[in-house]
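Structure record follows, encoded as C-alpha coordinates.
Chain IDs A, B and C follow the sequence of writing; residue 1 opens each chain.
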Amino acid sequence: MSNLGLRNKVLVFPFETDFSYVALVPQKDMALQAFTLCLRVATELPEERQIILFAYRTSDYDELNVWREKDGRVSFYMSGDGTFYHLPPLSTFRTSLCLTWESRTGLAAFWVEGKRSTYQVYKPGHSIRPKGTVLLGQDPDKHLGGLEATQSFVGELTDLNMWDFVLSRSLIQAWHYGHKIPKGNIFDWATIKYELSGNVMVVDDD
Amino acid sequence: MSNLGLRNKVLVFPFETDFSYVALVPQKDMALQAFTLCLRVATELPEERQIILFAYRTSDYDELNVWREKDGRVSFYMSGDGTFYHLPPLSTFRTSLCLTWESRTGLAAFWVEGKRSTYQVYKPGHSIRPKGTVLLGQDPDKHLGGLEATQSFVGELTDLNMWDFVLSRSLIQAWHYGHKIPKGNIFDWATIKYELSGNVMVVDDD
Amino acid sequence: MSNLGLRNKVLVFPFETDFSYVALVPQKDMALQAFTLCLRVATELPEERQIILFAYRTSDYDELNVWREKDGRVSFYMSGDGTFYHLPPLSTFRTSLCLTWESRTGLAAFWVEGKRSTYQVYKPGHSIRPKGTVLLGQDPDKHLGGLEATQSFVGELTDLNMWDFVLSRSLIQAWHYGHKIPKGNIFDWATIKYELSGNVMVVDDD
(Lines give C-alpha, C1' and ligand atoms only; values in the text may rest on other atoms or scores of the structure.)
Protein backbone atom coordinates (compact mmCIF):
# COMPACT_ATOMS: atom_id res chain seq x y z
CA MET A 1 0.00 0.00 0.00
CA SER A 2 2.90 2.38 0.65
CA ASN A 3 4.22 4.49 -2.24
CA LEU A 4 7.32 6.59 -2.67
CA GLY A 5 7.85 9.96 -4.31
CA LEU A 6 5.54 12.47 -6.02
CA ARG A 7 7.98 14.58 -8.03
CA ASN A 8 5.98 16.46 -10.72
CA LYS A 9 2.78 14.83 -9.53
CA VAL A 10 -0.46 16.35 -8.25
CA LEU A 11 -2.98 14.77 -5.90
CA VAL A 12 -6.49 15.26 -7.28
CA PHE A 13 -9.40 14.83 -4.88
CA PRO A 14 -12.24 14.89 -7.43
CA PHE A 15 -15.32 14.48 -5.19
CA GLU A 16 -16.58 15.20 -1.70
CA THR A 17 -16.26 12.00 0.34
CA ASP A 18 -15.74 10.87 3.92
CA PHE A 19 -13.29 8.16 2.92
CA SER A 20 -10.72 9.62 0.50
CA TYR A 21 -7.41 10.70 1.94
CA VAL A 22 -3.67 10.45 1.63
CA ALA A 23 -1.65 9.47 4.69
CA LEU A 24 1.90 10.82 4.77
CA VAL A 25 4.79 9.13 6.57
CA PRO A 26 7.31 11.64 7.96
CA GLN A 27 11.06 11.12 7.52
CA LYS A 28 11.63 11.86 11.18
CA ASP A 29 9.84 12.11 14.46
CA MET A 30 7.36 15.02 14.54
CA ALA A 31 8.29 16.34 17.98
CA LEU A 32 8.56 19.96 16.88
CA GLN A 33 9.46 23.30 18.44
CA ALA A 34 9.34 25.02 15.05
CA PHE A 35 8.32 24.22 11.50
CA THR A 36 7.77 25.42 7.96
CA LEU A 37 4.98 23.74 6.01
CA CYS A 38 4.61 24.57 2.32
CA LEU A 39 2.17 23.31 -0.28
CA ARG A 40 0.33 24.35 -3.42
CA VAL A 41 -3.42 24.09 -3.36
CA ALA A 42 -6.34 24.73 -5.73
CA THR A 43 -10.00 24.27 -4.94
CA GLU A 44 -13.36 25.33 -6.28
CA LEU A 45 -15.20 24.65 -3.04
CA PRO A 46 -17.48 27.59 -2.19
CA GLU A 47 -16.10 30.31 0.10
CA GLU A 48 -18.42 29.46 2.99
CA ARG A 49 -17.35 25.79 3.07
CA GLN A 50 -14.96 24.63 5.79
CA ILE A 51 -11.96 22.78 4.27
CA ILE A 52 -9.25 20.74 5.94
CA LEU A 53 -5.89 21.46 4.30
CA PHE A 54 -3.53 19.50 6.57
CA ALA A 55 -4.17 17.36 9.64
CA TYR A 56 -1.61 15.89 12.00
CA ARG A 57 -3.22 14.07 14.90
CA THR A 58 -1.97 12.01 17.80
CA SER A 59 -4.29 9.79 19.84
CA ASP A 60 -5.58 12.61 22.07
CA TYR A 61 -4.82 15.82 20.19
CA ASP A 62 -5.15 17.61 16.90
CA GLU A 63 -1.45 18.44 16.91
CA LEU A 64 -1.36 20.63 13.80
CA ASN A 65 -4.39 21.30 11.66
CA VAL A 66 -4.63 23.85 8.88
CA TRP A 67 -8.11 24.91 7.75
CA ARG A 68 -9.91 27.22 5.44
CA GLU A 69 -12.72 28.35 7.72
CA LYS A 70 -16.41 28.98 6.92
CA ASP A 71 -15.80 32.72 7.07
CA GLY A 72 -13.01 32.44 4.47
CA ARG A 73 -10.13 32.93 6.86
CA VAL A 74 -7.24 30.47 6.94
CA SER A 75 -6.39 29.11 10.35
CA PHE A 76 -4.21 26.71 12.20
CA TYR A 77 -4.64 24.87 15.44
CA MET A 78 -2.23 23.14 17.76
CA SER A 79 -3.93 21.19 20.59
CA GLY A 80 -6.84 23.54 21.20
CA ASP A 81 -7.88 27.03 20.13
CA GLY A 82 -6.54 28.21 16.80
CA THR A 83 -5.34 31.41 15.22
CA PHE A 84 -6.95 33.04 12.16
CA TYR A 85 -5.66 34.98 9.15
CA HIS A 86 -7.31 37.06 6.45
CA LEU A 87 -5.60 35.91 3.26
CA PRO A 88 -6.53 36.24 -0.41
CA PRO A 89 -9.15 33.57 -1.16
CA LEU A 90 -8.19 30.13 -2.41
CA SER A 91 -9.33 29.65 -6.01
CA THR A 92 -9.40 27.36 -8.98
CA PHE A 93 -5.83 28.46 -9.68
CA ARG A 94 -2.99 27.16 -7.61
CA THR A 95 -2.05 29.16 -4.51
CA SER A 96 1.37 28.69 -2.99
CA LEU A 97 0.92 28.61 0.76
CA CYS A 98 3.47 28.27 3.54
CA LEU A 99 3.04 28.38 7.29
CA THR A 100 5.86 29.10 9.73
CA TRP A 101 5.84 28.88 13.52
CA GLU A 102 8.47 28.81 16.22
CA SER A 103 7.88 27.96 19.85
CA ARG A 104 10.50 30.34 21.27
CA THR A 105 8.65 33.52 20.29
CA GLY A 106 5.31 32.11 19.17
CA LEU A 107 5.64 34.07 15.94
CA ALA A 108 3.37 32.48 13.34
CA ALA A 109 2.69 33.59 9.77
CA PHE A 110 1.23 32.37 6.52
CA TRP A 111 3.05 33.10 3.27
CA VAL A 112 0.94 33.47 0.13
CA GLU A 113 2.78 33.49 -3.22
CA GLY A 114 5.95 34.23 -1.22
CA LYS A 115 4.47 37.20 0.67
CA ARG A 116 4.26 37.02 4.44
CA SER A 117 1.06 37.76 6.34
CA THR A 118 1.17 39.82 9.50
CA TYR A 119 2.78 37.88 12.32
CA GLN A 120 0.56 36.56 15.09
CA VAL A 121 1.85 35.35 18.43
CA TYR A 122 0.51 31.84 18.96
CA LYS A 123 1.36 29.39 21.74
CA PRO A 124 4.92 30.39 22.62
CA GLY A 125 6.60 27.57 24.55
CA HIS A 126 4.37 24.89 23.03
CA SER A 127 5.69 21.63 21.52
CA ILE A 128 4.09 19.44 18.88
CA ARG A 129 3.96 15.79 19.97
CA PRO A 130 5.40 12.91 17.92
CA LYS A 131 3.92 9.55 16.85
CA GLY A 132 0.76 10.77 15.19
CA THR A 133 -0.59 10.54 11.66
CA VAL A 134 -0.63 13.14 8.89
CA LEU A 135 -3.65 13.12 6.59
CA LEU A 136 -4.46 15.12 3.50
CA GLY A 137 -8.08 15.31 2.40
CA GLN A 138 -9.81 14.52 5.69
CA ASP A 139 -9.92 15.70 9.28
CA PRO A 140 -9.80 12.77 11.71
CA ASP A 141 -11.80 13.56 14.87
CA LYS A 142 -10.06 10.73 16.54
CA HIS A 143 -6.77 9.03 15.62
CA LEU A 144 -7.47 7.46 12.22
CA GLY A 145 -11.24 7.87 12.41
CA GLY A 146 -14.24 10.17 12.57
CA LEU A 147 -14.13 11.59 9.06
CA GLU A 148 -16.77 14.01 7.73
CA ALA A 149 -17.53 14.72 4.07
CA THR A 150 -18.49 18.34 4.83
CA GLN A 151 -14.95 19.07 6.01
CA SER A 152 -13.16 17.10 3.31
CA PHE A 153 -10.86 18.56 0.72
CA VAL A 154 -11.91 18.68 -2.95
CA GLY A 155 -9.40 19.96 -5.49
CA GLU A 156 -5.67 19.61 -5.98
CA LEU A 157 -2.69 19.46 -3.65
CA THR A 158 0.91 19.30 -4.68
CA ASP A 159 4.49 20.06 -3.74
CA LEU A 160 3.99 19.62 0.00
CA ASN A 161 7.22 20.02 1.94
CA MET A 162 7.92 20.41 5.63
CA TRP A 163 10.97 21.40 7.64
CA ASP A 164 11.57 21.31 11.40
CA PHE A 165 12.76 24.92 11.38
CA VAL A 166 11.65 28.30 10.07
CA LEU A 167 12.77 29.01 6.51
CA SER A 168 13.98 32.51 5.67
CA ARG A 169 11.93 34.85 3.50
CA SER A 170 14.32 34.41 0.59
CA LEU A 171 14.06 30.61 0.73
CA ILE A 172 10.26 30.72 0.90
CA GLN A 173 10.20 33.02 -2.10
CA ALA A 174 12.63 30.74 -3.94
CA TRP A 175 10.35 27.77 -3.20
CA HIS A 176 7.36 29.76 -4.45
CA TYR A 177 9.11 30.37 -7.78
CA GLY A 178 10.04 26.70 -8.09
CA HIS A 179 13.75 27.14 -7.50
CA LYS A 180 15.82 24.56 -5.67
CA ILE A 181 16.03 24.96 -1.92
CA PRO A 182 17.15 22.58 0.86
CA LYS A 183 14.88 19.52 0.89
CA GLY A 184 12.19 19.25 3.54
CA ASN A 185 13.58 17.10 6.36
CA ILE A 186 10.10 16.05 7.53
CA PHE A 187 8.41 15.83 4.13
CA ASP A 188 10.11 16.12 0.74
CA TRP A 189 7.54 15.87 -2.07
CA ALA A 190 10.02 14.29 -4.50
CA THR A 191 10.64 11.31 -2.20
CA ILE A 192 7.58 11.44 0.09
CA LYS A 193 6.23 8.17 1.50
CA TYR A 194 2.44 8.06 1.24
CA GLU A 195 -0.61 5.81 1.22
CA LEU A 196 -3.71 6.48 -0.87
CA SER A 197 -7.15 5.65 0.42
CA GLY A 198 -10.47 6.01 -1.42
CA ASN A 199 -10.84 8.17 -4.49
CA VAL A 200 -7.63 10.16 -4.91
CA MET A 201 -5.85 10.44 -8.24
CA VAL A 202 -2.10 10.90 -8.77
CA VAL A 203 -1.78 12.96 -11.92
CA ASP A 204 1.13 14.38 -13.91
CA ASP A 205 1.58 18.06 -13.15
CA ASP A 206 0.92 19.58 -16.54
CA MET B 1 -20.97 31.56 -48.98
CA SER B 2 -17.95 29.74 -47.56
CA ASN B 3 -14.89 31.76 -46.56
CA LEU B 4 -11.35 30.80 -45.75
CA GLY B 5 -8.97 32.08 -43.09
CA LEU B 6 -9.26 34.65 -40.28
CA ARG B 7 -5.63 35.43 -39.51
CA ASN B 8 -5.50 38.73 -37.55
CA LYS B 9 -9.29 39.03 -37.75
CA VAL B 10 -11.90 39.30 -35.01
CA LEU B 11 -15.53 38.24 -35.21
CA VAL B 12 -17.74 41.00 -33.80
CA PHE B 13 -21.29 40.11 -32.77
CA PRO B 14 -22.62 43.62 -32.17
CA PHE B 15 -26.24 42.93 -31.13
CA GLU B 16 -28.37 40.35 -29.40
CA THR B 17 -30.15 38.34 -32.12
CA ASP B 18 -31.56 34.88 -32.74
CA PHE B 19 -30.18 34.70 -36.27
CA SER B 20 -26.51 35.78 -36.22
CA TYR B 21 -23.90 33.06 -36.10
CA VAL B 22 -20.76 31.71 -37.67
CA ALA B 23 -20.65 28.06 -38.74
CA LEU B 24 -17.20 26.47 -38.69
CA VAL B 25 -16.16 23.58 -40.92
CA PRO B 26 -13.64 21.26 -39.24
CA GLN B 27 -10.53 20.04 -41.08
CA LYS B 28 -11.23 16.49 -39.98
CA ASP B 29 -13.91 14.29 -38.56
CA MET B 30 -14.88 15.31 -34.99
CA ALA B 31 -14.95 11.81 -33.51
CA LEU B 32 -12.90 12.73 -30.44
CA GLN B 33 -11.47 10.97 -27.39
CA ALA B 34 -9.60 14.11 -26.36
CA PHE B 35 -9.37 17.74 -27.37
CA THR B 36 -7.97 21.18 -26.69
CA LEU B 37 -10.17 24.14 -27.63
CA CYS B 38 -8.72 27.64 -27.36
CA LEU B 39 -10.21 31.02 -28.14
CA ARG B 40 -10.09 34.65 -27.08
CA VAL B 41 -13.35 36.24 -26.02
CA ALA B 42 -14.57 39.63 -24.82
CA THR B 43 -18.11 40.53 -23.84
CA GLU B 44 -19.92 43.18 -21.90
CA LEU B 45 -23.00 41.06 -21.37
CA PRO B 46 -24.12 41.27 -17.73
CA GLU B 47 -22.82 38.61 -15.31
CA GLU B 48 -26.25 36.98 -14.81
CA ARG B 49 -26.81 36.46 -18.55
CA GLN B 50 -26.36 32.97 -20.00
CA ILE B 51 -23.96 33.04 -23.00
CA ILE B 52 -23.15 30.34 -25.53
CA LEU B 53 -19.42 30.36 -26.30
CA PHE B 54 -19.12 27.28 -28.52
CA ALA B 55 -21.67 24.74 -29.74
CA TYR B 56 -21.03 21.49 -31.55
CA ARG B 57 -24.23 19.55 -32.18
CA THR B 58 -25.11 16.37 -34.02
CA SER B 59 -28.70 15.52 -34.91
CA ASP B 60 -29.56 14.06 -31.49
CA TYR B 61 -26.97 15.46 -29.11
CA ASP B 62 -25.25 18.62 -27.91
CA GLU B 63 -21.86 17.01 -28.40
CA LEU B 64 -19.72 19.79 -26.98
CA ASN B 65 -21.15 23.05 -25.69
CA VAL B 66 -19.27 25.70 -23.74
CA TRP B 67 -21.32 28.22 -21.76
CA ARG B 68 -21.00 31.13 -19.41
CA GLU B 69 -23.83 30.27 -17.02
CA LYS B 70 -26.35 32.57 -15.32
CA ASP B 71 -24.46 32.20 -12.04
CA GLY B 72 -21.21 33.36 -13.68
CA ARG B 73 -19.57 29.96 -13.84
CA VAL B 74 -18.14 28.62 -17.07
CA SER B 75 -19.31 25.16 -18.04
CA PHE B 76 -19.14 22.54 -20.68
CA TYR B 77 -21.49 19.77 -21.66
CA MET B 78 -21.05 16.62 -23.65
CA SER B 79 -24.35 14.79 -24.40
CA GLY B 80 -26.10 15.52 -21.11
CA ASP B 81 -25.18 16.96 -17.73
CA GLY B 82 -22.32 19.42 -17.68
CA THR B 83 -19.46 20.35 -15.40
CA PHE B 84 -18.97 23.81 -13.90
CA TYR B 85 -15.97 26.00 -13.08
CA HIS B 86 -15.48 29.16 -11.07
CA LEU B 87 -13.25 31.29 -13.27
CA PRO B 88 -12.44 35.00 -13.25
CA PRO B 89 -15.37 36.79 -14.93
CA LEU B 90 -15.38 37.47 -18.66
CA SER B 91 -15.08 41.19 -19.28
CA THR B 92 -14.75 43.96 -21.81
CA PHE B 93 -11.08 42.98 -22.06
CA ARG B 94 -10.12 39.91 -24.02
CA THR B 95 -9.82 36.70 -22.02
CA SER B 96 -7.75 33.85 -23.37
CA LEU B 97 -9.64 30.66 -22.66
CA CYS B 98 -8.74 27.06 -23.37
CA LEU B 99 -10.52 23.85 -22.47
CA THR B 100 -8.85 20.45 -22.33
CA TRP B 101 -10.42 17.04 -21.85
CA GLU B 102 -9.33 13.46 -22.34
CA SER B 103 -11.56 10.43 -22.28
CA ARG B 104 -9.02 8.06 -20.72
CA THR B 105 -8.96 9.78 -17.31
CA GLY B 106 -11.86 12.20 -17.68
CA LEU B 107 -9.54 15.03 -16.54
CA ALA B 108 -11.05 18.30 -17.72
CA ALA B 109 -9.80 21.83 -17.10
CA PHE B 110 -10.21 25.37 -18.31
CA TRP B 111 -7.12 27.52 -18.82
CA VAL B 112 -7.49 31.27 -18.30
CA GLU B 113 -4.64 33.48 -19.47
CA GLY B 114 -2.49 30.36 -19.52
CA LYS B 115 -3.33 29.31 -15.95
CA ARG B 116 -5.06 25.99 -15.42
CA SER B 117 -8.19 25.68 -13.30
CA THR B 118 -8.55 22.83 -10.87
CA TYR B 119 -9.08 19.55 -12.69
CA GLN B 120 -12.52 18.01 -12.68
CA VAL B 121 -13.21 14.42 -13.62
CA TYR B 122 -15.89 14.46 -16.34
CA LYS B 123 -17.21 11.57 -18.41
CA PRO B 124 -14.19 9.26 -18.54
CA GLY B 125 -14.63 6.76 -21.37
CA HIS B 126 -16.94 9.02 -23.37
CA SER B 127 -16.48 9.78 -27.10
CA ILE B 128 -17.63 12.84 -29.03
CA ARG B 129 -19.57 11.89 -32.17
CA PRO B 130 -18.67 13.10 -35.69
CA LYS B 131 -20.79 14.63 -38.49
CA GLY B 132 -22.29 17.55 -36.57
CA THR B 133 -22.09 21.31 -36.92
CA VAL B 134 -20.06 23.85 -34.98
CA LEU B 135 -21.69 27.24 -34.37
CA LEU B 136 -20.37 30.41 -32.77
CA GLY B 137 -22.86 32.96 -31.52
CA GLN B 138 -25.93 30.75 -31.11
CA ASP B 139 -26.99 27.55 -29.37
CA PRO B 140 -28.97 25.28 -31.69
CA ASP B 141 -31.58 23.31 -29.74
CA LYS B 142 -31.87 21.00 -32.67
CA HIS B 143 -29.43 20.39 -35.52
CA LEU B 144 -29.25 23.74 -37.34
CA GLY B 145 -32.30 25.24 -35.61
CA GLY B 146 -34.01 26.39 -32.42
CA LEU B 147 -31.97 29.53 -31.73
CA GLU B 148 -32.72 31.90 -28.82
CA ALA B 149 -31.62 35.52 -28.53
CA THR B 150 -31.32 35.31 -24.74
CA GLN B 151 -28.55 32.73 -25.08
CA SER B 152 -26.76 34.37 -27.99
CA PHE B 153 -23.26 35.73 -27.87
CA VAL B 154 -22.64 39.49 -28.02
CA GLY B 155 -19.07 40.70 -28.13
CA GLU B 156 -15.87 39.57 -29.81
CA LEU B 157 -14.38 36.17 -30.59
CA THR B 158 -11.02 35.53 -32.15
CA ASP B 159 -8.14 33.12 -32.52
CA LEU B 160 -10.20 29.95 -32.14
CA ASN B 161 -8.11 26.82 -32.51
CA MET B 162 -8.84 23.19 -31.76
CA TRP B 163 -6.72 20.06 -31.55
CA ASP B 164 -7.73 16.41 -31.17
CA PHE B 165 -5.34 15.94 -28.24
CA VAL B 166 -4.46 17.63 -24.96
CA LEU B 167 -1.85 20.37 -25.32
CA SER B 168 0.84 20.65 -22.63
CA ARG B 169 0.89 23.50 -20.16
CA SER B 170 3.84 25.10 -21.89
CA LEU B 171 2.12 25.04 -25.29
CA ILE B 172 -1.08 26.52 -23.86
CA GLN B 173 0.95 29.27 -22.24
CA ALA B 174 2.82 29.86 -25.48
CA TRP B 175 -0.51 30.15 -27.33
CA HIS B 176 -1.75 32.57 -24.67
CA TYR B 177 1.27 34.81 -25.25
CA GLY B 178 0.76 34.67 -29.02
CA HIS B 179 3.79 32.54 -29.79
CA LYS B 180 3.78 29.99 -32.59
CA ILE B 181 2.66 26.51 -31.64
CA PRO B 182 1.58 23.51 -33.74
CA LYS B 183 -1.51 24.44 -35.76
CA GLY B 184 -4.89 23.21 -34.66
CA ASN B 185 -5.68 20.04 -36.62
CA ILE B 186 -9.46 20.48 -36.20
CA PHE B 187 -9.58 24.26 -36.42
CA ASP B 188 -6.72 26.59 -37.31
CA TRP B 189 -7.84 30.25 -37.13
CA ALA B 190 -5.41 31.35 -39.87
CA THR B 191 -6.96 28.99 -42.43
CA ILE B 192 -10.37 28.24 -40.88
CA LYS B 193 -13.32 27.54 -43.19
CA TYR B 194 -16.41 29.40 -42.05
CA GLU B 195 -19.82 30.72 -43.07
CA LEU B 196 -21.32 33.92 -41.76
CA SER B 197 -25.02 34.26 -41.12
CA GLY B 198 -26.95 37.35 -39.96
CA ASN B 199 -25.20 40.29 -38.37
CA VAL B 200 -21.59 39.31 -37.72
CA MET B 201 -18.67 41.56 -38.63
CA VAL B 202 -15.18 40.42 -39.59
CA VAL B 203 -12.86 43.12 -38.31
CA ASP B 204 -9.09 43.66 -38.37
CA ASP B 205 -7.61 42.82 -35.01
CA ASP B 206 -6.27 46.12 -33.87
CA MET C 1 14.62 52.32 28.70
CA SER C 2 15.78 54.13 25.56
CA ASN C 3 16.96 52.06 22.59
CA LEU C 4 18.79 52.91 19.42
CA GLY C 5 18.33 51.68 15.87
CA LEU C 6 15.86 49.31 14.20
CA ARG C 7 17.67 48.42 10.98
CA ASN C 8 16.07 45.23 9.55
CA LYS C 9 13.68 45.09 12.49
CA VAL C 10 9.88 45.08 12.62
CA LEU C 11 7.66 46.28 15.45
CA VAL C 12 4.97 43.69 16.13
CA PHE C 13 1.91 44.79 18.11
CA PRO C 14 0.33 41.37 18.68
CA PHE C 15 -2.81 42.27 20.66
CA GLU C 16 -5.33 45.05 21.14
CA THR C 17 -4.36 46.95 24.29
CA ASP C 18 -4.60 50.45 25.79
CA PHE C 19 -1.03 50.33 27.08
CA SER C 20 1.28 49.11 24.33
CA TYR C 21 3.12 51.73 22.32
CA VAL C 22 6.48 52.85 21.04
CA ALA C 23 7.59 56.43 21.69
CA LEU C 24 9.97 57.88 19.10
CA VAL C 25 12.54 60.58 19.86
CA PRO C 26 13.12 62.89 16.85
CA GLN C 27 16.63 63.87 15.77
CA LYS C 28 15.62 67.50 15.60
CA ASP C 29 12.91 69.87 16.66
CA MET C 30 9.56 69.10 15.02
CA ALA C 31 8.66 72.70 14.12
CA LEU C 32 7.67 71.88 10.52
CA GLN C 33 6.46 73.74 7.44
CA ALA C 34 6.73 70.61 5.33
CA PHE C 35 7.39 66.92 5.79
CA THR C 36 7.55 63.48 4.23
CA LEU C 37 6.58 60.56 6.48
CA CYS C 38 7.12 57.01 5.18
CA LEU C 39 6.47 53.66 6.81
CA ARG C 40 5.51 50.09 5.98
CA VAL C 41 2.44 48.70 7.69
CA ALA C 42 0.50 45.43 7.81
CA THR C 43 -2.64 44.76 9.81
CA GLU C 44 -5.49 42.29 9.93
CA LEU C 45 -7.81 44.59 11.85
CA PRO C 46 -11.27 44.59 10.24
CA GLU C 47 -12.02 47.27 7.63
CA GLU C 48 -14.57 49.08 9.84
CA ARG C 49 -12.11 49.49 12.74
CA GLN C 50 -10.49 52.88 13.38
CA ILE C 51 -6.68 52.55 13.60
CA ILE C 52 -4.05 55.05 14.69
CA LEU C 53 -1.00 54.81 12.43
CA PHE C 54 1.08 57.74 13.70
CA ALA C 55 0.45 60.28 16.46
CA TYR C 56 2.47 63.40 17.23
CA ARG C 57 0.95 65.42 20.05
CA THR C 58 1.95 68.53 21.98
CA SER C 59 0.27 69.45 25.26
CA ASP C 60 -2.73 71.11 23.64
CA TYR C 61 -2.89 69.76 20.09
CA ASP C 62 -2.85 66.64 17.98
CA GLU C 63 -0.11 68.08 15.79
CA LEU C 64 0.05 65.30 13.21
CA ASN C 65 -2.09 62.19 13.38
CA VAL C 66 -2.48 59.60 10.65
CA TRP C 67 -5.49 57.28 10.82
CA ARG C 68 -7.22 54.50 9.01
CA GLU C 69 -10.82 55.60 9.51
CA LYS C 70 -13.93 53.49 10.24
CA ASP C 71 -15.07 53.95 6.65
CA GLY C 72 -11.76 52.57 5.34
CA ARG C 73 -10.32 55.92 4.23
CA VAL C 74 -6.88 57.01 5.33
CA SER C 75 -6.69 60.46 6.86
CA PHE C 76 -4.42 62.91 8.53
CA TYR C 77 -5.07 65.69 10.97
CA MET C 78 -3.07 68.71 12.03
CA SER C 79 -4.59 70.63 14.99
CA GLY C 80 -8.25 70.17 14.11
CA ASP C 81 -10.25 68.88 11.13
CA GLY C 82 -8.55 66.30 8.95
CA THR C 83 -8.38 65.39 5.28
CA PHE C 84 -9.44 62.02 3.87
CA TYR C 85 -8.19 59.76 1.08
CA HIS C 86 -9.58 56.65 -0.62
CA LEU C 87 -6.60 54.32 -0.81
CA PRO C 88 -6.33 50.57 -1.45
CA PRO C 89 -7.18 48.78 1.81
CA LEU C 90 -4.46 47.89 4.29
CA SER C 91 -4.04 44.11 4.51
CA THR C 92 -2.14 41.28 6.08
CA PHE C 93 0.62 41.97 3.54
CA ARG C 94 2.88 44.96 3.98
CA THR C 95 1.80 48.25 2.38
CA SER C 96 4.37 50.96 1.77
CA LEU C 97 2.80 54.28 2.72
CA CYS C 98 4.17 57.82 2.53
CA LEU C 99 2.55 61.14 3.31
CA THR C 100 3.80 64.47 1.99
CA TRP C 101 2.64 67.98 2.91
CA GLU C 102 4.00 71.46 2.49
CA SER C 103 2.67 74.59 4.14
CA ARG C 104 3.38 76.95 1.25
CA THR C 105 0.79 75.41 -1.10
CA GLY C 106 -1.04 73.10 1.26
CA LEU C 107 -0.55 70.26 -1.25
CA ALA C 108 -0.94 66.97 0.59
CA ALA C 109 -0.82 63.44 -0.79
CA PHE C 110 -0.46 59.85 0.28
CA TRP C 111 1.82 57.52 -1.69
CA VAL C 112 0.95 53.82 -1.75
CA GLU C 113 3.57 51.42 -3.10
CA GLY C 114 5.25 54.45 -4.65
CA LYS C 115 2.10 55.70 -6.41
CA ARG C 116 0.74 59.14 -5.47
CA SER C 117 -2.89 59.75 -4.54
CA THR C 118 -4.72 62.76 -5.90
CA TYR C 119 -3.46 65.93 -4.26
CA GLN C 120 -5.63 67.65 -1.68
CA VAL C 121 -5.08 71.18 -0.47
CA TYR C 122 -4.87 71.08 3.31
CA LYS C 123 -4.04 73.91 5.71
CA PRO C 124 -1.76 76.09 3.60
CA GLY C 125 0.23 78.43 5.84
CA HIS C 126 0.00 76.14 8.86
CA SER C 127 3.01 75.13 11.01
CA ILE C 128 3.49 72.03 13.12
CA ARG C 129 4.58 72.87 16.67
CA PRO C 130 7.70 71.41 18.34
CA LYS C 131 8.26 69.78 21.76
CA GLY C 132 5.62 67.08 21.55
CA THR C 133 5.77 63.29 21.63
CA VAL C 134 5.50 60.81 18.78
CA LEU C 135 3.71 57.54 19.55
CA LEU C 136 3.18 54.43 17.47
CA GLY C 137 0.41 52.06 18.50
CA GLN C 138 -1.78 54.43 20.50
CA ASP C 139 -3.55 57.76 20.16
CA PRO C 140 -2.99 59.96 23.20
CA ASP C 141 -6.05 62.13 23.86
CA LYS C 142 -3.93 64.26 26.06
CA HIS C 143 -0.13 64.59 26.14
CA LEU C 144 1.08 61.11 27.18
CA GLY C 145 -2.33 59.88 28.32
CA GLY C 146 -5.91 59.00 27.46
CA LEU C 147 -5.26 55.84 25.45
CA GLU C 148 -8.09 53.68 24.04
CA ALA C 149 -7.82 50.04 23.01
CA THR C 150 -10.43 50.48 20.26
CA GLN C 151 -8.16 52.92 18.43
CA SER C 152 -4.91 51.05 19.02
CA PHE C 153 -2.76 49.56 16.33
CA VAL C 154 -2.49 45.77 15.97
CA GLY C 155 -0.10 44.40 13.35
CA GLU C 156 3.34 45.33 12.11
CA LEU C 157 5.15 48.60 11.52
CA THR C 158 8.58 48.97 10.06
CA ASP C 159 10.94 51.22 8.15
CA LEU C 160 9.51 54.50 9.44
CA ASN C 161 11.41 57.50 8.18
CA MET C 162 10.62 61.20 8.25
CA TRP C 163 12.11 64.24 6.56
CA ASP C 164 11.41 67.96 7.11
CA PHE C 165 10.84 68.49 3.38
CA VAL C 166 8.88 66.94 0.52
CA LEU C 167 10.68 64.08 -1.22
CA SER C 168 10.45 63.82 -5.02
CA ARG C 169 8.44 61.08 -6.68
CA SER C 170 11.58 59.28 -7.77
CA LEU C 171 12.97 59.25 -4.22
CA ILE C 172 9.69 57.98 -2.80
CA GLN C 173 9.63 55.22 -5.39
CA ALA C 174 13.27 54.39 -4.64
CA TRP C 175 12.39 54.14 -0.94
CA HIS C 176 9.42 51.90 -1.79
CA TYR C 177 11.71 49.48 -3.63
CA GLY C 178 14.19 49.47 -0.75
CA HIS C 179 16.92 51.42 -2.49
CA LYS C 180 19.16 53.82 -0.62
CA ILE C 181 17.95 57.40 -0.39
CA PRO C 182 19.00 60.34 1.82
CA LYS C 183 18.41 59.41 5.47
CA GLY C 184 15.40 60.85 7.26
CA ASN C 185 16.56 63.92 9.19
CA ILE C 186 13.70 63.67 11.71
CA PHE C 187 13.51 59.89 11.93
CA ASP C 188 15.92 57.39 10.39
CA TRP C 189 14.80 53.81 11.07
CA ALA C 190 18.36 52.45 11.09
CA THR C 191 19.39 54.72 13.97
CA ILE C 192 16.04 55.70 15.48
CA LYS C 193 15.82 56.39 19.23
CA TYR C 194 12.77 54.73 20.75
CA GLU C 195 11.17 53.49 23.96
CA LEU C 196 8.96 50.42 24.17
CA SER C 197 6.01 50.27 26.50
CA GLY C 198 3.66 47.35 27.12
CA ASN C 199 3.44 44.43 24.75
CA VAL C 200 5.42 45.29 21.63
CA MET C 201 7.91 42.89 20.06
CA VAL C 202 11.01 43.82 18.09
CA VAL C 203 11.45 41.09 15.52
CA ASP C 204 13.95 40.40 12.75
CA ASP C 205 12.52 41.34 9.41
CA ASP C 206 12.49 38.00 7.69
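Methods note: a contact is a pair of C-beta atoms (placed from the backbone, for glycine too) under 8 Å apart; a residue touches a chain by one contact, two chains touch by 3 or more.
Remember, it's a predicted structure, so these values are computed and weren't measured experimentally.
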Fewest hops from subunit A to subunit C - one hop per pair of touching chains: 1
Chain ID, smallest distance between chain and overall C-alpha centroids: A
Subunit A on subunit B, rotation in degrees - Cα superposition, rounded to nearest 5: 90
Per Cα centroids, the chain farthest from subunit C: B
Centre-of-Cα separation between subunit B and subunit A, whole angstrom: 37
Centre-to-centre distance between subunit C and subunit B (centres being mean Cα positions), rounded to whole Å: 53
Residues of subunit C engaged with two or more neighbouring chains: none
In the complex with subunit B, residue positions of subunit A that touch it: 10, 12, 14-15, 42-44, 91-94, 155-156, 201, 203, 206
Subunit A-facing residues of subunit B, complex: 85-87, 105, 107, 110, 112, 115-121, 168-169
